[in-house]
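Per-chain residue numbering starts at 1, and chain names A, B and C are given in the order in which the chains are listed.
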Amino acid sequence: MMTLHQLAKLVGAELTAPEADQPSAELTRVSHLEAASSDAIVFASDARTLTSALASPAGAILAAAKLFPAAAANDSRLIYVTDARYAFALAASHLQAQPTESEVHPTAVLGKGVTLGKATTIGPHAVLGDGVHIGNHCAIGAHVTLYTGTTLGDHVVVQAGAVLGATGFGYACHADTGEYLLFPQQGTLVIEDHVDIGATTTIDRGALGETRIGRGTKIDNLVHIGHNCTIGRNVVIAAQTGISGSSVVEDGAILGGQVGIGEHATVGRGVILGGGAGVLSGKKMHGPNQVFWGRPARPLKEYLRDLARLRGGRKGSEA
Amino acid sequence: MMTLHQLAKLVGAELTAPEADQPSAELTRVSHLEAASSDAIVFASDARTLTSALASPAGAILAAAKLFPAAAANDSRLIYVTDARYAFALAASHLQAQPTESEVHPTAVLGKGVTLGKATTIGPHAVLGDGVHIGNHCAIGAHVTLYTGTTLGDHVVVQAGAVLGATGFGYACHADTGEYLLFPQQGTLVIEDHVDIGATTTIDRGALGETRIGRGTKIDNLVHIGHNCTIGRNVVIAAQTGISGSSVVEDGAILGGQVGIGEHATVGRGVILGGGAGVLSGKKMHGPNQVFWGRPARPLKEYLRDLARLRGGRKGSEA
Amino acid sequence: MMTLHQLAKLVGAELTAPEADQPSAELTRVSHLEAASSDAIVFASDARTLTSALASPAGAILAAAKLFPAAAANDSRLIYVTDARYAFALAASHLQAQPTESEVHPTAVLGKGVTLGKATTIGPHAVLGDGVHIGNHCAIGAHVTLYTGTTLGDHVVVQAGAVLGATGFGYACHADTGEYLLFPQQGTLVIEDHVDIGATTTIDRGALGETRIGRGTKIDNLVHIGHNCTIGRNVVIAAQTGISGSSVVEDGAILGGQVGIGEHATVGRGVILGGGAGVLSGKKMHGPNQVFWGRPARPLKEYLRDLARLRGGRKGSEA
């Protein structure tokens, strides 16, 4: 729960109305406009939404600074901020109750030598292999499996069914028989602080070395990350993307859904890969904020030129 | 178990032979031809299969009406129907024993306030969050996770390892630090009646609103459906397809395997997307029974023309 | 644990130094160079790595025969073999302790009539349906689900969260209502000896017949294999690949990541499909060691020619 004044302070803004005139309503939740009530915080990034917000019973309105002054600029519920959506998310995170004590669901199975930090929760049926280490303020969902060799930092969230630290997919092939023999997969997996991992996503441990997911990286559902990969900080990886073994994704890169990355490839700092893009094994894609698309992935401009050539000047009818 | 007469009645057909002449054999199962016996129902959609069926010991033969009259048209086991494969599936569904009482496996974990309808079964190790509602005649498989905020109608089947109602993948990025903050994901997920959901498929709950899967829709394994999506009725979604947040798929659409759909896209009523097709964010694909293919998806005719141009008139050697 | 002499014998090589001069150090593990110690086995497939290996404290060095003679060819730790990486994997497999007795984790749920072979382990929360048969020396991971109708041979490894033998995705559509009815999925799934199956991979049982995975085949994470597929021996299937129902993949084929294969298709013996390749329904791809790429998949040479034409002679800037 927070007051309008506390909300303004949280998002680094000032209320225009004098404090005495500010509504004293208690703000208890964030909401979309349709379900707003006097205890709800809403946000508006464009003029039309702001008009609706002002007409709603919402108790607080986080409005994009670019919309100032609104028609009702003196509405005491208004708080102007640079990024209204971010401020809204920030408010939500502060309103959400966080566990203060660690809790392990009685159906969870913890191996020998497992260590858990403070305020960390382990969900129903989760399985933690021998020697797994988990930091503070982590939330491990139902049916999550953490294999031996896995270490999680602080504030890591793992959703249901994810499998971390499983045996990597590396084999040696017998030259005569064509039979495959597992290459040793005895390495480790390190998940740094503030990483989110989606449902039924799989991240394999290193073969001889480690697989590492950098601080602040966010990974969606059904993603696969192979053994010995190094994923940097604040990387975003959308659903069903697959990263083959020994590849590197540098800080701040953004990978759309269903992206495929071959082995020993590098996705440079800040690179953006459009949905379904494919990076060949061993390739290096560089250029902060540069968008690559297609299979094989190429700079967006080239991709669009190729597409136009393919169509012989015909405009895509799907557009 | 059913008699030939009951089978004919079920599929809306009439037996040619007088009732007195009808075999009284009890039909207990459906079968493929190789394993047919006198208690088995088989089906034939083409002439060659029908010939084999007539030579088999099967107790009943559901034959496509277009094959009438067969060489052995007076074989008393023959039942002619418009769609033999459909009639066969219908017979199978009637022969399969259905639970009449609800049963919760003792290893399942049910949160507070969970409600279950009649004749609904909850499999081993399933986890149902607080307040989850499930209707009648549902079958929840092993290791399924239903997060808080999830509601299932009647006759919903969820296979092992599926994760329904998990936290969506939506973040706000801090302009200076590049760090991501979770956008609130406090919405709901509604699964309507007669929906089937495949193994390890993930469907996220809404961010502020709801995600909804319409009545009669069938979803394969390893599918991802993002937060705030609205999937219509009788939609078919094949394996490994991914639908990004806030997209709409209208009634009767058919999505092949590994299709990718961006955010805020619309796939219109009855549209067919070929396997691996990609729909860009914000696009709208319309036209009942119209087939779209490729990445980016375009009408099949255009896609084939583009492919031909790419090849410079060379015929694809894979064909 | 093994001696240098035992290692040489295992990999079919001879030590150059007379036995009396051989180090008696006990070899207890395989290692990468950075973590090598006197009890560790390392390998070197190229000259640079060999130089580093010779400078390391490793107790044994498996070197590619093509590197003979090395600068320090008389180093008694050296063992020359045709395929150093394979020999390394072989050593690792011999050093790894194998269970000698069967063990079923107390949280696992075994249906009626389940049979388990010798030295087979069943992990936490695994669920085995009625009548499932598992051979000797198998390892079933946490949260694995084996549906009724599933049979595993010997030396099968299934990683966490995989779902084997689930209901296939086959429906009959009602001509008037557009509603879908499940086609009977009452068949079986047979996994032959020495198959590895990755985390959260799904393999459906046959509809009326069987799905079969051949001896020695290795399957990565998040792979989908539909009902009635026949996968041959020693096939490699990388992560997130999907194979639709009733398709055949013959012995020794190699499928990259995110490959998509339509229904009733055939991938011939020894064929290699590049990452993301797509095989249309009903197609047959043949030619041992022939590489196919693209969507639709075509011989690599054609694919590259098409790509060059698309670019009008421009060299891909991503290269």
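Just so it is clear, contacts are C-beta pairs under 8 Å (C-beta built on N, C-alpha and C of every residue); 3 or more make two chains touch, one makes a residue touch a chain.
Computed from a predicted model, the values in this text were never measured in an experiment.
Among the remaining chains, those touching chain B as well as chain C are A. For the self-contact between chain A and chain C, the two sides draw on mostly distinct residue numbers; the shared fraction is below half. With each centre defined as the average position of its C-alpha atoms, the distance from chain A to chain C rounds to 30 Å. For chain C, residues touching at least two other chains, in rising order: 107, 125, 143, 161, 200, 222, 240, 258, 295, 310.
Within the complex formed with chain A, the chain B residues making contact are 107, 109, 125, 127, 143, 145, 147, 161, 163, 166-167, 169, 171-175, 178-184, 186, 200, 202, 204, 208-209, 222, 224, 226, 240, 242, 244, 258, 260, 262, 278-281, 283, 285, 292, 295-299, 302, 306, 309-310.
Of all residues in chain A, those touching chain B in their complex are 30-32, 34-35, 82-83, 85-86, 88-90, 92-93, 96, 105, 107, 123-125, 141-143, 157, 159-161, 194, 196, 198-200, 216, 218, 220-222, 234, 236, 238-240, 251-252, 257-258, 275-276, 294-295, 307, 310-312, 314, 316-319.
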